[in-house]
C-alpha cells in the first residue's frame, strides 16, 4: 500500500467523521440520535452497534451488488435487497451474539432491533455503491473504510451530544421549547461546530 | 412446522410479485431514463459543438492520438468533440473542444482548473474559428503565457485529433518531442540526448545552443529570415549538417568563440561595495561576465516573508560594458500562474540587449508588480556588479 | 362506518397527529430535503404516493400475511413501491431525482410508512387505510412545505426557485438556514411554535421516546432498557 492510498483512506475517514457527518450534516440516523442519546453509556452502546452493523452490511451488500445484481442487470432491486439483507443480518447478529457471546449481547443486544430501520445503515450501503462504484479495484476497500468512518462519525456525534443533553435536561427552558425543540436547537449548534471542519479536511492533506 | 412453511411461502410470494412489478416498471422506464441521460451528456457536448446532433463515443484505443486526449466523440454532423488535459500551473486543466467537419474550432470550454489568474475561463472564446493552420498564430495572454499556451496546445491537439478521426494524418508531437526530433536530425552522433547551454558570450544570430550529453558536439539554433533552423556542429566547431554557406560561416565563427570560452570565478569578497544579493561572478575568456544572483520578488519582499519565503534566482551574462548578453531564471517559488511568469523564457529574454540606460524600459507587468520589479532590480544589480568589477563604478 | 369517522381519519394527519410536528416521525427527510420548496414538495408527494399504495396493499394482504413475518413483508412491499416511485421520478422528473438523491431510496426506512403499516393498515379496512395514507401524506407534505418555505425564503431569499428581490437586494438572507445546522434549528423552532399554538396538549402524551416510535412493538428490548434507566 503506497502513501497516496493511505492519504486517500485518511481523507475518506476524516471527511465522513467530521465534514459529512452522517447525523449532523446528512441527517441520516437522526431518530436514534434524538431518541437514544440521553445517557453517555447508551450512546456508546448504540454507536458501537451501528459501526458493527454498518461494516457487516457493507461487507455483504457490496458483493451482492457487484456479483449478483449488476451482472443480472437487476440494479433496480437494490433497495429491496439491501433492506432485506440488513434486516436479516441484524436478526442473525442478535441470535449469534445471544448464543456465543452473551456478554456482548447483554450490552449491545438491546440496540440491535432499533438499527433495522436506521436509515444511516441503508444510506451508507447505497452511498458506497454510488460513490465508489463496483468496477474500481479499490472500491471495496474504500467502501469498507467509508462505512467505518460513517459509523465512527455517528458514535462521535452521539457521545458528544449526550454530554450536552444531560445538561439541557436540567436547565429551565420556556414551556413550548421543553423536550424535543430545545434538543433540536442544541443539535443545531453542534452541527454548526462540525460545519467548520469542512475547510480543515480539504486543506489538511491536499 | 406448518406455520413456518406458511410464513416462508407468503414472504416468497410477496417478494416474487413485487419483483415482477419492478421488472415491468423497469422495462417501461429504462428506455426513457437512458434517453434522458444521453440527452444530459449530449447537452455538455452541444455547448462546444452546437450543431453536433447525436454523439458517439470514440474507442481511443483504435487510433494514435495526442497523449492529452481523454475522451472523444464524433457527432452526426461530421464534427467531433474532444476532451483533453492541459498542463498549466498546478493540476491539469480539463478542456473540452468542439471541431466541425471542416476542421474549424466551434467552441472550447475549461471544465476544471486551478489556475490563479482565471484566464482559462475566457480564453476558449478566442480559439473559436481557429484551424490547424491558424492556431499557432493565435496570441497568448501576456502575463499568463503558460496557462494560455497550454490551452492553445490542447486546442491544437483537438484539431489534430479531428483530422486523425477523419482518417487523415497529423503532426501530434509535443513541443519537446519536436525539439528532440530537430536536434537528433542535425546531429545524429549526439544520440538524441541534449542539454541546453547557457550562452555567456556575445554571439551573432544564435538563439540557443544545445550540447549533446555524450560530448560529441553541439546544435546551434539560428534564424534565417523568420524561420528557426537547427545546425549541427561537431566537438571541434565544424558544421556537420547541411546549411547554406553564409549560415555555415556564421555558425562556425560563433562556435569558435564558444569553444575558446571558459569561465573563471571572480572572488567577489574583495569588492567591498558589491551588492549583497550577488552570489557568484565569473569572467569569460573573452572578457564578458556571468553573474549569479538572487532577488526579492513576491515570495520574499525586503525582510518580510510575504509568501513562499524564497528568492528568485537569476543567471545573467553581460559584456564588460554592462550590456546584457543572456538572462535566465534558474529557480523561483513565486505564486503559480502569477509571479511565476518570471520563469517564462519570453519574459527573461526581454532583457537581452539592454544595458544600464535601457533595462528599466522593460515594463513591469500589471498585477505582478512585486515579482517583475524585483526581477528588474536584480538585473540592475548585475549591471552594477560588472561596473564594480571593471572598476568604473 | 359513519362519514364523520372517515373524515376524522383523513384530517387527523393534518394537525392533531401530524407525523412531523407532533409524532416526530420521518425526521431524516424533513431535515435533509427541505432546503428548497421544490425538493420538499417532491419528497412530500413521493412519500405520500408510497404511503397510500403501501397502506392499500398491506391492508388488502392483512389476512394473508402471517404474523411472524409481518415486518419483513411490510418492508418488501414498501421498498417495492419506493423503487417504482424512484424509477418513475428518474424517468419523468430527472431534475428532482438529482435533487433528492439517496433520500429517495431512504423513503423505505421512513418511520411514517412502516409506522402506519404497523399501527393502522395492518388492522383496518382498505378504504380506511387509503384515507389514512392520504391524510398522513398530506400532513407530511404540508409540514415539509412549511419547513422548506421558512428555510428557502429566509435562507436563500427565494421561493420555489423564484428570487425575492426585496430580500436579496437588501441582504436580508441568513445563509446558514439552508445548510445543515439551519435545518435542525428551524425544525426545533417550528415544533416549539406548534407547541405554543396547541398549548402543549398534543405533544405531552407523545413526547419523543418509545411511544412515538413505530418500531416500538417490535423492539421491546430497546425501550424497556431505556425505561429501566429512567
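For clarity, chains are labelled A, B and C in written order, and residue numbers in each chain start from 1.
Just so it is clear, a residue touches a chain if its C-beta (ideal position, glycine included) is under 8 Å from a C-beta of that chain, and two chains touch if they have at least 3 such contacts.
Here the structure is a predicted model, which means the values were calculated and not measured.
With centres defined by CA atoms alone, the chain at the far end from subunit C is B.
Counting C-beta pairs in contact, the pair that comes out ahead of the other among A-B and B-C is B-C.
Distance from per-chain Cα centroids to the pooled protein Cα centroid is smallest for A. Centroids built from CA atoms put subunit C at 21 Å from subunit A. In terms of their C-alpha centroids, the spacing between subunit A and subunit B amounts to 47 Å.
Centre-to-centre separation of subunit B and subunit C, using mean CA positions: 57 Å.
Contact of a single residue of subunit B with at least two other chains is seen at positions 15, 18-19, 22, 25-26. Residue positions of subunit A with contacts to 2 or more other chains are 76-77, 80.
Within subunit C, contacts with two or more other chains are made by residues 72, 76, 79-80, 83, 87. Touching subunit C in their complex are the following residues of subunit B: 3, 6-8, 10-11, 14-15, 18-19, 21-22, 25-26, 28-29, 32-33, 36, 40.
The residues of subunit A lying in touch with subunit C in their complex are 24-31, 34-36, 38-39, 42, 76-80, 83-84, 87, 109-111, 113-114, 116-119, 122-123, 126-127, 130, 174-185, 187-189, 191-192, 194-195. Residues of subunit A that touch subunit B in their complex: 76-77, 80.
Looking at the complex, you find that subunit C touches subunit A at residues 24, 27-28, 31-32, 71-72, 75-76, 79-80, 82-83, 86-87, 102, 105-106, 108-111, 114, 176, 179-185, 187-189, 191-193, 195-196, 200, 203, 207-209, 213-215, 218-219, 221-222, 224-226, 229.
Residues of subunit B that touch subunit A in their complex: 15, 18-19, 22, 25-26.
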